[in-house]
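There are two complexes below, and they share chain A, which is joined by chain B in the first and by chain C in the second.
Showing the complex of A and B:
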């Protein structure tokens, strides 16, 4: 239990650090959302000053930070200037879509990477392994921006997939089955871009760690005992190789979040990415901070989940944790 | 194949690629911001040696494009007015390698303009823009990597060499930066810096922002090296002779981190080129009219461009060879430093 407590404490510290960091950066900013109003002769100087005071932009940074922390403690993330509404609900709608996209992509990427990596490791150095290594290397040199654009071009040219958004017009009136199909066709491109961008790294790591375990003498003994090949690979080798892979899982959450930010903008998926970009361009301070913080929360929960998995998978960690 | 030869071949390939981009002014026929409003979105032109009457010409030539009858965006070759290419001709001014004023171009034409890779919305030559855009993107990547490695080396050496509370503090901060999704971090940093600035300022801003994002990984690696090196005999001996901290850091610890830093550089540069591209693509980086690979791709956000003008995709392909080169270099460097490590282990005295 102490193990989880420590990890959670670590996570909270991390979140705290990020919020402090973003606030510090915001102190560096020249100008704010209301600056452009000053150029408008119809808005008096007093109105702008009053607005600034209303949103407490005239207060010193530590005061603003303390206020914001208090708000967060009450479950609010500040107020959006541009949307004139609380940030929380605004972000939540978008964050749901982002989560939906990234979790689908992550599941798919790992479901593909595990068998591919194990298969490649079991034929280490032979033709299938080399073909696969070549394929992953090729994917690795194509940057994700180019990948996303390429898929978008494919969609536009062939018309096989919708080119943006989450659902077609009139989505509400579709039957459940058609709803599912519509959603899947909208999801296909962004998920494909994310999966293709993360897959090569995952496959390479799975391959490397399984190949290392396959050398171990306990596996040779298992071969000698006549344990069937698939069981050997997935029941024993993968289990023994799981440790670094679980850490990689925690790490891959971060890359996927970054990737999805870009993919969402390119493919106009209504997630956090486009919202954040708009907020930056409009200097909508609390939306940016809230968005970054929310992504951090996802990341931290991903890492916590990885820690739990590690605890469950590795008896050494269990013993070490309970010994303390 | 032995690792050193592989390393040199990757290096040669990279130097050649960078040479092409560095010589953009010479290789590109036109100034990248020179507009030709009468010819927006011209498709790439073909260079011929054989004319319409099947006569062979020793000097390559091309046919200018003109609108097809009754069409407003379909072009066809005007076979009546062949324009021949001229090599090593004088054209628009440009600073060669950034400072030598020069007017010579590899090729050009008298009269009608040639668009080997088509033209963009303002009739600017896409080939020239890709070449000059490469200068901006690569320079941003290289400078950004320089900033990052400087920060990483400084922080890593401080943490590893002094230890104690400095180490704790710096490594906590490094964990923070490592954990953040880099694009969110980039966004957060960029969000709080001025939006409307001159192209040069924007470029420097991008370099600084990119440079500040990635210091954590090199810092951790450098710290590890510094931790082990400071206990080595030659460092202890030097300290015994009264060498100061700054001397030890400069002369004994920094050189030992060189291989780590080099490998990190090979990994970071393409990542940072991509970061610049991403920022510029999203409109947060290098602004028009300056060209960069990122803002060249930005026009693909318009549906009409995406559907109709395939030659606008070309900038996306330009970076792939660079990525390949840097990836190869990084893995070759990693192999080499791995080989070195084995060497070092065997030569270490078992004290």
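Showing the complex of A and C:
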């Protein structure tokens, strides 16, 4: 229990550091949201200066950081210049869409990767394994962007899938069943892009870990006790190989908010991706910082989650942790 | 009398990357041997001579390229995978390195009750009772049964491995260099334990080793293996007194503690 308290404390410090660095780096980049107005001859210098003062952009960095920290302590993440509204609710709506997409993709990828990896490992070095390895290697070297664009071309040419957005126009008027179908058809392409991008790595990790433990003589001993083959693979080998896979799963959970940004932009999914891209281009400072912080919270808690899972799954780690 | 195990002309090739010369790629090159029930055959040979491959073939964990293995009058090689699975509990293997042959996540009790679990025998309570009995048999005290593998000494680990092998009450136990990783005094303890278990349970051992001193201590018969073949076999006394082959003499000369006979003084 103390172990987790310590880990949580570490995580809080880490997030603190990250927020400081993001703040610093975004302050070091030249220009701010109101610079474009200066080029507009219809807006007077005084107006721009007043706006800057209103949003406190003329104050020194430490003061701004302190203000922002106070706001965070009150559960707010600052104010968006472009949307003229608080950042928190803005991010939340987008993050929800992103999570809807990425959780679906992550579950699908893992559900495919586990059986494929185990199957490949049980035929290690033989023809089916070599074919699968070749296929995953090919998918690995294709950049995500090309994958996403390829899928978009497919959608445009065939017309089977909508090429963007989360729902069709008039979504509210559909019956529940049609709503589900509409959502699924909109999800299909971005999910496919994400699964194709992450699946090869997952399959290769599962294959490598399982193939390694299949060599261990305690599994041979289990075969000697007359264990059926599927039970050996899924009951024993997969469990013995679980530790690196659990860490990898924690990473999957951690990148739920940050792993899909590119695909979202390319496929016009109304998630965090397009929002952050626009915010960065417009120097909408607090939206960027809020987005980065939210992604970091996920990454840190993903790792923490993996550690909890490891602690729960491996008695050796329990003993080592309680001995400290 | 029909022997418990009879191996006839067993050949095992491992598929190499490209076709290697035939005599080089054969791990087993026509091995024949037989073990009468309740006796011990020591298989002695230097590393790489094919001993472990033979052990895996006999335990039905590797499929030989050709030849036959008769166990209790059944040709094991001809069985399909399902029949093999049913047969495997009758032949148990004890591995050289107890650290890797025992699941590091489990306690001693879990390891020894695992074979029952795999076989779906007994209720939960009976399983741990039986496991405790076997642990007691091999000299692991009740207060150690909840320890995990890395909390046990090398000798205790190997006792645990032996208890696990005994759990399914096999007819034949293949000990693949089972004492080699242990130090001398522990070797002596475990080999005495093996002898006691043999006389009380009527076990048959195939004892694989590179150590003639251990072979002499445990075995009724000795077979010497070299480059995938049995080069010499016979009663233990005879092999030790008058080794007939260069390979045997070289192994004997390399073994401390075995009285040197005239013929072990070989000029190389």
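Here is the rule we go by: the second predicted complex is superposed on the first by the 316 of 324 C-alpha atoms of A that agree within 3 Å, B and C clash if a C-alpha of one lies under 4 Å from a C-alpha of the other, contacts with A are read in each partner's own complex, and residues count from 1 in each chain.
Criterion: a contact is a pair of C-beta atoms (placed from the backbone, for glycine too) under 8 Å apart; a residue touches a chain by one contact, two chains touch by 3 or more.
Note that the structure is predicted; figures quoted are calculated from it, not measured.
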A:112 touches, of chain B and chain C: first, second, both or neither? neither
Which of chain B and chain C A:146 touches, first, second, both or neither: first
Which of chain B and chain C A:188 touches, first, second, both or neither: neither
Partner chain in contact with A:221 - chain B first, chain C second, else both or neither: second
Partner chain in contact with A:240 - chain B first, chain C second, else both or neither: second
Chain A: partner with more touched residues, chain B or chain C: B
Touching partner for A:254 - first (chain B), second (chain C), both, neither: first
Chain B versus chain C as contact partner of A:315, first or second or both or neither: second
Touching residues on chain C, where the partner in the complex is chain A: 56, 59-61, 81, 85-86, 88-89, 91-93, 95, 97, 100-106, 114-115, 118-119, 148, 150, 161, 164, 168
Residues of chain A that touch chain C when the two form their complex: 216-218, 220-229, 231, 239-240, 314-316, 319
Complex contacts: residues of chain B adjacent to chain A: 172-173, 175-176, 179-185, 187-195, 270, 274, 277-278, 281-284, 297, 300-301, 303, 306-307, 313, 316-317, 319-320, 323-324, 327
Of chain A, residues touching chain B in the complex: 14, 17-18, 21-22, 25-26, 28-31, 137, 140-146, 149-150, 152-153, 156-157, 163, 254-255, 257-259, 261-262, 265-266, 276-277, 279-281, 283, 288-289, 291-292, 295-296, 299-300, 303
